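Worksheet: the structure to be examined is printed underneath.
First chain written, first letter: the chains are A, B, C and D, and each begins at residue 1.
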């Protein structure tokens, strides 16, 4: 099929040309005497994207899932009680991992479409006067439902209860795209991945770690068994500007450029850009008769991905399949209990209004082809007007 | 600015990923013993895109303008009388070149928006009983106005008059995109360039030459002085699978892939695709209050580029400027007497409906920003419905 | 500095142009309906490089170190007794990982320069009549010393003792380069990585798993905690042609091409090519007065990397440093107890005689600059004659 | 065949990775409002590589041959008498072009291996008291023989005779590599191409033009017919930061980077680097029994290419063919009367000692395979010692 393909899944996102150029390179010697001069500033600058003044960010050759595991296995012990909430496929998978790693998971089920139940968390933390809860988990942006949770409020709940539990955040589809303040919000373990807001191919897992979590890691006992993701060797080598095993240098060269782009723009501007682009998509969805966001209320709406219920009788799988095969456009699928009921438009990373008008057009055509009675062009028109006026 | 840029000028066109990959190569030895094994099939296959069974296609390191010059300087003599028509910036420039090269140009002025005046041509040819006219020129697709002329009808006029004049065609924005039959239409010299339907960067000029024109070249006297573009050395070397001077191997490797893509699809399918995509753009234009095509009637409408008058009072330059700076979208400008009055949307090469819906959205936003009272989304809606139903 | 840089470390290796082209791509949808049509043949074909007819190869977003961990954590239980030998930095690190993961390591110290002590292994296996030993580990090619061990002989020892222990092989710098027969040698867990014989950037860990190991994994209890590297989810998704988490599609597209190249050449031809190229390097080393291979005898010599002692009084670190800064050439450093005493020339992956003559020239110049009294050109001359005669 | 291919022809040269990255881009709008902001500094900076303070450099989509034609057709009239010398394939071709373009060529035959006969030129200029000679041509570096001529001396001869003739220089394989001072040497027309010292793919012809030549162009009459290469339209558009026809933007983006690299290094340093690298090749040739440079004496030896006679009885074509097919190395062939007798090693552009040691190894192996009785490694050894000591 001719023309470019159109990628509007919530990651991998579209890699900017500058980053693509930077990755078009021959291999290099990851033990060269000057390789550390390249690595050290990368390790320093990625902290700025996490808004971390102290602590560290680890860069693993892995997916974001690997960084989830690193966070758990380096700071918790088998049997530790942790507080989690499940309201989408990714919070579900993280809870599943916690159980596989032998944590004692206090799991709160939440209606899909809402996020972390801050009041329930607060109540449990307040009640936990002997501090049995060792960690509190927050999926900042549930990629499956397009729901953003209030991380800061969970920090406030911990503080209100003077509770020492570690605060874990899955920021995979949040960090680099929507407001996130690891230092100011007291997040101890913050997970991200290369293929979302960082605008790179998949292949790197990032883990922002607070000084508090580093101290716990240095002393924790009994330990969870760990090796590949262990902090100690990574710290030892990172401190010299190298890695304990062969790093994907191609991705690191790309990361250098994507960090340069983000920091030159300014994180606040990056976040504002995501909000501006996301709002256009929501304005479009509002025009589509019978469609609605999975996010149950405006406060839950994500600026990086919108999950959208198809109208009664319209199979979301068919919408996605038509978009892909007839319009060369990849939309995100409805995962787990949303399968067939919802599709997703990823609107994070390197995008602009014309790209999203194209994505919305593909969606409108596919919806109509699949039987939805929406007005052609209505969503695009609403998005256009939003983009024009708020540029 | 973030996201991909959007290129909807009538060339250079969007280079397919396959072609881009093929050009990401180290340099190579253009005199290597096996280089001819690569060159010969390219020289053979490019003829298929020109629909030339006999004759040759020359590949010059030049723009299409260079191939214009090659056509003239290799087959005509200073002072030769030629028949030309001027109805846009490119037919104008070709006539200008003919005069610079000392041809005696019989130039017919035609209203911009129409194409070659076949009846006037026919009359002149019929009247030219002593065959003073040595060549007849046709700008197949006037890129400045979005007007396609009837090449076949000019051939018929020549035949009806039993006139031996050579038939020159500027097919730069036509060949590889809209129906063109060099052999069947008896076109003697057909000019094309890499950066249009061939989906490559600029840098190669193509010239399809009939056996009749080759014979004239071999014997013509008095000659027009020529060297860089001379046929003789090119023929001598091409026959061995090489070139008389260093060819741009990177572009040739890209050409190999673009020819593979075109021929696998089939030229008829390529042409049908262009018609399908162009019609969506025209459907959109029809919805834009106050806008209209420069092409004066449906028979003149080009399937590779649409030139569009802006509504009264709306400066086309402003539309283009806003599209570029605010929406990262390049539209073609109004050239010469169309400056400020019209803009152009290039819809040739490697494109698909979603790309064009994006381009139309950019245009709608820019038109409204520049003061046009069009209905947002109306054009996109019409295009969507066309693309859905005729896929 | 001008000109290309020269990479002769034992991985990452030089990426062929074909693979580099294949990785110069936009991102794609790893859940697209046709993505499985791409993935399934890759999963099937990579088995051919491992020479595995049954079983599976897992592809992890990780370094080879991650695949080490996957092998252990999926088939062994905490406290399991395993037999290992330590004779270089990488066998040392694997033993270290085994201890971190709470295995009971029976570790045999071997002189660096030799490999797995088959007779000691055989004796221990024979004595272990109650089968306390659950796994036997072999570092097939010790990258730090340039020593290749006899995997087949270890299999024979297991068979001779009718011992059911699993056979683990670190094939990171072996598989895809030197003879390796996972099925015929009864290797249960075989570890490889993308950046060596597979001629890709770092970023993928490969793990070949026998049916026997898969069966143990399916039933093992007590389990070692595992999640990211767990077989079960990977099997479930791979069986559908997908992955449980976002795969690095760019590397997979590269892998497709590198597998095509290897399988078109034929694994036996790939191995023969490595032997041919390695022998040229050894012929050169033999000419360098005062230098000698770390490999203690010809039977230990590796065809993928040569570790070379510098002459008395010549600091290997200085040789490496001069090669890098003055000659733009990366040589491998002496690791751990070889630091300062030896350097390494990687000769695996996509190479040819002229590249190695360049590498040997760089080494000769750096050796002389660092004070070695070798005859300039002597090594290169020997390599040239070998390459000429045995091409 | 595996490993990188080795390119040691005198152009196209090896493209640096930085330049290759810069050319890995989507197409762009060559009429965009900010395109001129990119073009103007390129047009200014390329003058620095020509060492031109006044005048202009034109950039044509063509090979260097096109720039030869531009130089002639824009400043001379049909029938003009010009002084040329022929001592290799490229000076031969330029003279051939001059005759095709109807110049009256006073052609001095010189033994191949020597360059421009300054004294004969001086005598003719002195004798030409009525200034019938309109232009004097110098092939600065005859690529076919590896001979460099003394441009400055020709200028001095013109000045000594107070002769107003224009000074034309073919600097295709010189400019950007060996000392060239267009302004200080009073060169009026200086031809170069992208694929030599400028380290780009073929596809751009460069023409440096003095103010004197520009003035002649503005007023010349009778004119030589010209259009594609005409100065006037190019000047008009370049002055606005654009081009009269679609420029190869990909190459221009590459040129931006190659100019940055050259100017950051400094032209004097670029020239010194070429001298240093060339001397190593000559030291090697001196060791090869029976081989000798085509350049007849040291003062003629080129620092960008060495043409080398094979020993009696050794077919140079066979050497080249073996190098290509057996060692993946491209050497330059002997052209015209040197065919079969000599081969060439290109040593210009982006190179370093280790690359050249590889090239020399390939040459030694191919020479021996073809029957030459040279000592293996002897040339490489001599080159190594030169590179080590003079780095």
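Everything that follows uses one rule, which is that a contact is a pair of C-beta atoms (placed from the backbone, for glycine too) under 8 Å apart; a residue touches a chain by one contact, two chains touch by 3 or more.
Chain labels with UniProt names: A, B, C, D = Serine-glyoxylate aminotransferase apoenzyme.
Quick caveat: nothing in here was measured; it's all calculated off a predicted structure.
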A-C or A-B, whichever has more C-beta pairs in contact: A-C
Reference chain B; chain at largest CA-centroid distance: C
Chain A and chain C: spacing of chain centres that average the CA atoms, whole Å: 34
Chain centre separation (chain A, chain D; CA means) in Å: 54
Length of the line joining the C-alpha centres of chain A and chain B, rounded to whole Å: 46
In chain C, residues with contacts to at least two other chains: 4, 14, 17, 20, 24, 26
Residues of chain A that touch chain B when the two form their complex: 1-4, 6, 14, 16-17, 24, 265, 273, 326-329, 350-355, 357-359, 361-362, 364-365, 368-369, 375-378, 380-382, 384-385, 387-388, 391
List of chain A residues in touch with chain D within their complex: 17, 20-22, 24-26
Chain C-touching residues of chain A, taken from the complex the two chains share: 4-5, 7, 9, 11-15, 20, 23-24, 26-33, 60-66, 68-69, 73, 78, 96-97, 100-102, 193, 195, 201-203, 224-230, 244-251, 321, 324-325, 330, 332-333
